[in-house]
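Chains: A, B, C and D, in written order; residue numbering restarts at 1 for each.
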Amino acid sequence: MADLKTRIAKRCAKEFKDGYVANLGIGLPTMVSSFLPEGVHITIQSENGFTGLEGSVERGDENVEIINAGGGYVKASPRVNYFDSATSFGIIRGGHVDATVLGAMQVDEQGNLANWIIPGKMYAGMGGAMDLVVGAKEVIITMLHQQFNKKTGVSKPKILKECNLPVTALGVVDLIITEMCVIKVTDEGLLLTELHHDFTVEDVVAATEAHLTVSPDLKPYDISE
Amino acid sequence: MANKIRTALEAIAGLQDGMTIMVAGFMGTGTPEILMDAIIEKGVKHLTVICNDGGLPRGWYSDYDTPRGTGKLLEAGVIDHIIASHVGLTPLVGQGIIDDTMECTLVPQGSLVEKIRANNFGLGGVLTPTGVGTIAAEGKMQIEIDGKMYLLEKPLRADYSLCRASVCDEFGNFLCNKTTKNFNYLMAGAADHNIIATERLVKAGELDPDTFQHSGVLVDMIVEGEKPWQI
Amino acid sequence: MTMKIRTAQEAIAGLKDGMTIMVAGFLGTGSPEILMDAILEKGVKHLTVIGNDGGLPRGWYNEYDTPRGIGKLLDAGAVDHIIASHVGVNPLIGKGIIAGTMECTLVPQGSLAEKIRADNFGLGGVLTPTGVGTLAAEGKMQIEIDGKMYLLEKPLHADYSFCRASICDDFGNFLCNKATKNYNYLMAGAADHNIVATERLVKAGELDPDTFQHSGVLVDMIVEGEKPWQI
Amino acid sequence: MADLKIRIAKRCAKEFKDGYVANLGIGLPTMVSSFLPEGVHITLQSENGFTGLEGACERGEEDSEIINAGGGYVKVSPRVNYFDSATSFGIIRGGHVDATVLGALEVDEKGNLANWIIPGKMYAGMGGAMDLVTGAREVVIAMLHQQLNKKTGVSKPKILKECTLPLTALGVVNIIVTEMCVIEVTKVGLVLTELHPDYTLEEVVAATEAHLIVSPDLKPYDITE
């Protein structure tokens, strides 16, 4: 599982260009910054009010005044800039964040995204997620292709014809990266553009509820250094 | 010149059961702890609290940690209604909703800050693309501008705002270090009574005025005595 | 890392006749003079200029004063349309309107600031009570919120924004001294291409990051060489 | 004329309470700060972005980074705080300015104010005036009671039944201070509350087009120190 997540993070890192301003969700998305191609330097934005997040901090090195949006203590780069929450969300909503990487519970054929609430089960709040996916120029979803139910041992598709959980935003997803493949969200629907060699197109289709168009230019899943 | 300096208890003397307060901070960072303590000491109840989140619960980072920020108010059971963007770190909110002892209104974080700023800065509301087509749009006016749909987010008001400064002068001009800024530069001024609890209090003119990033005209009362959080 | 540092000429290489630009400053204070000079040198014409005012005309404070800020563009006849809050200080605008060579759109100052911030910060507009029942309301949507009437002020966008910093680091984080802030913290980021001309350029990390008050992610290009105005 | 303006400024100064945040227009309104009662200290806001304006600056003492909203170089108090234009107008529109003192071209029975444009004649722009009168808690108009036409030598009323010039804002004026009298704008109309000993009631009425209600509690114009 950890290997699969590393694979996804590595593939996702290839989406970043030098100089990008990015916002990475907690968990898998945070791993992306460890795998950036050589020469690609990005500036990470943190919703709680700064640009220039560098990564987590060792016990003993914490600065009580520098936390990330998950409440964890983090390191800041020399070009860090701190601001208030209105400025932070101004930067997000204003299209100044080039890309955001987030996990998802569900994504559908229209690029609709559900990743903030499971009614009756998970109640945390949307935090900055709704603003992020509406405001970022590119929204990349990184996730395991299916939802594994630990109790039953059954896996269920997360890429659906239509989201049935409350959505985080409508039509915002640009790219979906899973351990199996890369899918682009286009006006005509979901386009399978890259396939990992561990899987066949049939495997992917079986694990996906949404209709997938296979790109005539289908390429192997690219995580070469 | 009217003196704005108070003790914590003096500053909240007018705070009564059922009032609405704004509490700055992001997961406890940048929250005025001595004002939280004063509220609990005074024993005010049934508060509506506007804040980013539920603060931090007991023992969050180190086992011996007290709750932080609004986490203190939640633990003391003085909140009837919380208006926030994210309450996942404090199980007390989820529990309160299940037990029906607490109401929770969730607002996307960027909209929450604009609603507070709108009230502070005299706007009737702002139009944001955030939340269109989601639960966050429920009950809100939608307006189409040049072919794009927006939600109208109206101002949020409060009786008191409780903010924290790293350095504050006696007029109320203040600054917040690093990521303690968050809601402090928005909430100070957004309520009928605006209180700043500061780590360091200086005389006006003692420091270069450009050091300060928020205007003292938005501050009504100043309380000294905040301490840096100890990890 | 992408280098943002340019000469003034390089920074405005893409600026063409008929484009819309934002110029920060208040009666010249806080305007990027070396970028104004570069525009004149390049000979760009028919600009739409968004600014608080028309800058200062020649000889305003001392007889030997050159025009300042937008005043330079007006003096050179490079402006077809000015969107501003107050143009009384620069007689060239009144003359241009009478002569039919220039268009002027007046916007209340607070609304102008919010329209620029709305574009920079991704809002579809703000509702302001300012201007209800006046000429400033003409052609604008009016919305009643909780019994009070507001004007909808929509975002203002530009091809280029020209701002001035007192100190800027090589990433674009910057600060403006004293009353030179005005529109600089609003316009930087509100255009497709955002240029900051700075008096002092430092390396990222050279100064305490909390010194800076505007984020470098909103800045695309940095030009060194602004000089303090000499009285 | 200068004496009359000083009289008006002195009377206006009595409207201020200790701790007030005020915005004073250029000209006569600026003079008000010289006549504040003992123990009354106010903080002056300047539209271009600061609080703590102290007054004009001598030649040679100017700081090229500190101007007022008229473009003049000014001095600042030790508690000065500088901010950007959105914050400046946030402070104004948000009701954080206790009082503003401004001149007027016309004021009417409903408290409507016209002080920014004479079509075909004066073309300067409203600057911050519309925001100021909409946002300040108390709008004090300080002006000579009538408009003197220097060419014809004829004076015309400025306090009208209804403004004829384009408005700065609707129903915002709270109090009108002239060299003749003090008038409060109330829901039932204009109430004459103070009369200067140099004038009779009839003279004020003759110089005013609007209907004036004489307060049963009419007092002498108060400029005692």
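Criterion: contacts are C-beta pairs under 8 Å (C-beta built on N, C-alpha and C of every residue); 3 or more make two chains touch, one makes a residue touch a chain.
Keep in mind it's a predicted model, so treat the numbers as computed, not measured.
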{"item": "Required minimum of steps from chain A to chain D, each step between chains that touch", "value": "2"}
{"item": "Pair with more cross-chain C-beta pairs in contact, given A-B and B-C", "value": "A-B"}
{"item": "Furthest chain, CA centroid comparison against chain D", "value": "A"}
{"item": "Interchain centroid distance [CA atoms averaged], chain A/chain B, Å", "value": "29"}
{"item": "Chain B and chain C: spacing of chain centres that average the CA atoms, whole Å", "value": "33"}
{"item": "Approximate Å spacing (C-alpha centroids) for the pair chain A, chain C", "value": "36"}
{"item": "Residues within chain C bordering two or more other chains", "value": "114, 117, 122-123, 128-129, 177-178, 209-210, 213"}
{"item": "Multi-partner residues of chain D (at least 2 other chains)", "value": "82-83, 86, 89-90, 92-93, 134-135"}
{"item": "Sites on chain A at which at least two other chains make contact", "value": "76, 82-83, 86, 89-90, 92-93, 134-135"}
{"item": "Arrangement of touching chains [line / ring / star / complete / other]", "value": "other"}
{"item": "All pairs of touching chains, each written as two labels joined by a dash", "value": "A-B, A-C, B-C, B-D, C-D"}
{"item": "List of chain B residues in touch with chain D within their complex", "value": "1-2, 117, 119-123, 169-171, 173, 189, 203-205, 209-210, 212-218"}
{"item": "Parts of chain C lying in touch with chain D, wherever the complex brings them together", "value": "26-29, 52-53, 56, 60-61, 84-89, 93-94, 97, 104, 106, 108-114, 116-117, 128-136, 166, 177-186, 228-231"}
{"item": "For the chain A and chain B complex, residues of the former touching the latter", "value": "46-50, 62-67, 69, 71, 73, 76, 82-86, 88-90, 92-93, 117, 122-131, 134-135, 166-170"}
{"item": "Residue ranges of chain C touching chain A (in the complex, touch as defined)", "value": "1-2, 117, 119-123, 169-171, 173, 189, 203-205, 209-210, 212-218"}
{"item": "Chain C residues touching chain B - in the complex, by the definition given at the top", "value": "114, 118, 122-129, 143, 145-146, 148, 150, 152, 154, 175, 177-178, 209-210, 213"}
